[in-house]
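Letters A, B and C mark the chains in the order given here, with residues in each chain numbered from 1 onward.
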Amino acid sequence: MGGFENFFAHYNYVATIVLMVAGLYIVIARGNMIKKLIGLMLFQTSVYLLYIAPGKIIGGTPPILDANFTIYSNPLPHVLILTAIVVGVATIALGLAIVSRIHEAYGTIEEDEIIARDDQE
Amino acid sequence: MRLDVVLRVGVKLIIPFMLVFGLYVQLHGDYGPGGGFQAGVIVAGAIITYALIFGIEEAQRVAPRKLVEFLVPLGVLIYAGTGVIGLLSGQNFLDYSVLAAHAPAGRERGILLVEAGVLVTVASTMIALFYAFSERGR
Amino acid sequence: MIVTIAIVRMRNLFGVIALSGVYSFLMASVLMVYDAVDVAMTEAAVGAGVSTVLLLAALHLTKSLEYPMPRPAAVPLIVAVGVGLALIWATYDLPAFGIADAPIHKHVAPHYLQNAIKETQVANVVSAVLADYRSFDTFGEVIVVFTAGIGVMLLLKGRRTRRDGSQGETP
């Protein structure tokens, strides 16, 4: 098994990781806090994909039992990610609430300006 | 709020179907894709759509804030209470097999109850989040 | 992918949020392809519906334009690409995509798939695992949602009492 075939057996993971890196870049490079939270959302969704992808079996069906099918994809990651999505939106909402309180206190949501104002005082 | 007539009438037509679809997803979750989390989000989505088009006061006549905030802990209590029934009957916490004569039927009933708790918590939390954000804006 | 890059580049936050709704729908269709119908449904409803509305509401409370990048972008780019390359290198130890005898399919999943009907009378295995086999897990998740809701309500309520105090704007 050469490196080339190996790449095509894993290309979906590569795509997932590109998404993850994009999210990470937004979180590190951008100072705007809402943008940072959107970066976190990107990171989260890439983690969802990373969990769901190994559970897929080529030729399998969704895990709803029926007499006509025998191969099902793995239900366990689906359960974990299902709850993680809802929890994710709840935590993002908490983050947004904190951001809007920061906006009320400082008048800005840019990280650099907030740090500059803290240094002035 | 004077908005477009098309939006108002269209949303009025859509919202009953959204609510019914939410209930379908909830109750049919045993046999098809669905369950408490999805149904909760769909029901909350219906209320939020109503609030977006008709204004937050109208939405709070349908789902008053006091009621929504009461439902948030109620869902958790439904879930935990289902667990405690098992505990009181001498089984483990969240062991549903005591809810009916046969263990599988009891477990099915337990799943329905737990999903109902999840529905109540998720839907009311999402609506409460929306109310909190939109009331802050004025 | 293209949507992602556009999200990274764009500075108008309104457009970013609209794009993140598009992204959620695309993600839901990818999850459909991976056989995760329940998850796809949740992602479509949550990502495209509720979280877009919440982001817009938060945007209404703050400003809609992001400032041009005030800091050098090279260091974060190097860090991100480095992390990405390390992760891609790590994926080569994972089993290939879609094969049926990967370790993940050998642990508890066969038990769930074979015994779900017999033990719980529920045909959707995801529901059975969610609410029965792993109900402690789900209970924890529900409590997290509950706590986050309470936290947001605490943070965003009672503006009128705070406004008069000297907490907010400093001269």
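Note that in this section a contact is a pair of C-beta atoms (placed from the backbone, for glycine too) under 8 Å apart; a residue touches a chain by one contact, two chains touch by 3 or more.
Computed from a predicted model, the values in this text were never measured in an experiment.
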Find the chain most remote from chain B, comparing centres computed as mean CA coordinates. A
Nearest chain to the global Cα centroid? C
Approximate Å spacing (C-alpha centroids) for the pair chain B, chain C: 20
Could you give the separation in Å between the centres of chain A and chain C, each centre being the mean of its C-alpha atoms? 5
With chain centres taken as the means of their Cα atoms, state the distance from chain A to chain B in Å. 25
Going through chain B residue by residue, note those that touch at least 2 other chains and give them in order. 31-33, 35, 37, 41, 122, 125-126, 129, 132-133, 136
Going by the contact rule already set, what residues in chain A reach two or more other chains? 62, 64, 82-83, 85-86, 89-90, 93, 96-97, 100
Multi-chain contacts in chain C, i.e. residues touching at least two other chains, fall at 37-38, 42, 46, 50, 54, 57-58, 61, 123-124, 126, 130, 138, 145, 148-149, 152, 155-156, 159
Hey, which residues of chain B end up touching chain A in the complex? 31-33, 35, 37, 40-41, 122, 125-126, 129, 132-133, 136
Give every residue of chain C touching chain A within the complex, in rising order. 1, 4-5, 7-8, 13, 16-17, 20, 23-24, 27, 30-31, 34-39, 42-43, 46-47, 50-51, 54-55, 57-59, 61-63, 66-67, 69-71, 73, 76-77, 79-81, 83-84, 87-88, 91-92, 94-100, 102, 104-105, 108-109, 112-113, 116-117, 123-126, 129-130, 134, 137-138, 141, 144-145, 148-149, 151-152, 155-156, 159, 167-170
Touching chain B in the complex: which residues of chain C? 37-38, 41-42, 45-46, 49-50, 53-54, 57-58, 60-61, 118-124, 126-128, 130-132, 135-136, 138-139, 142-143, 145-146, 148-150, 152-153, 155-157, 159
Contact residues on chain B for chain C in the complex? 25, 29-38, 41-42, 44-45, 48, 52, 69, 72-73, 75-76, 79-80, 83, 93-94, 96, 103-105, 107-108, 110-111, 114-115, 117-118, 121-122, 124-126, 128-130, 132-137
Per the touch rule above, chain A residues touching chain B in the complex are 62, 64, 82-83, 85-86, 89-90, 93, 96-97, 100
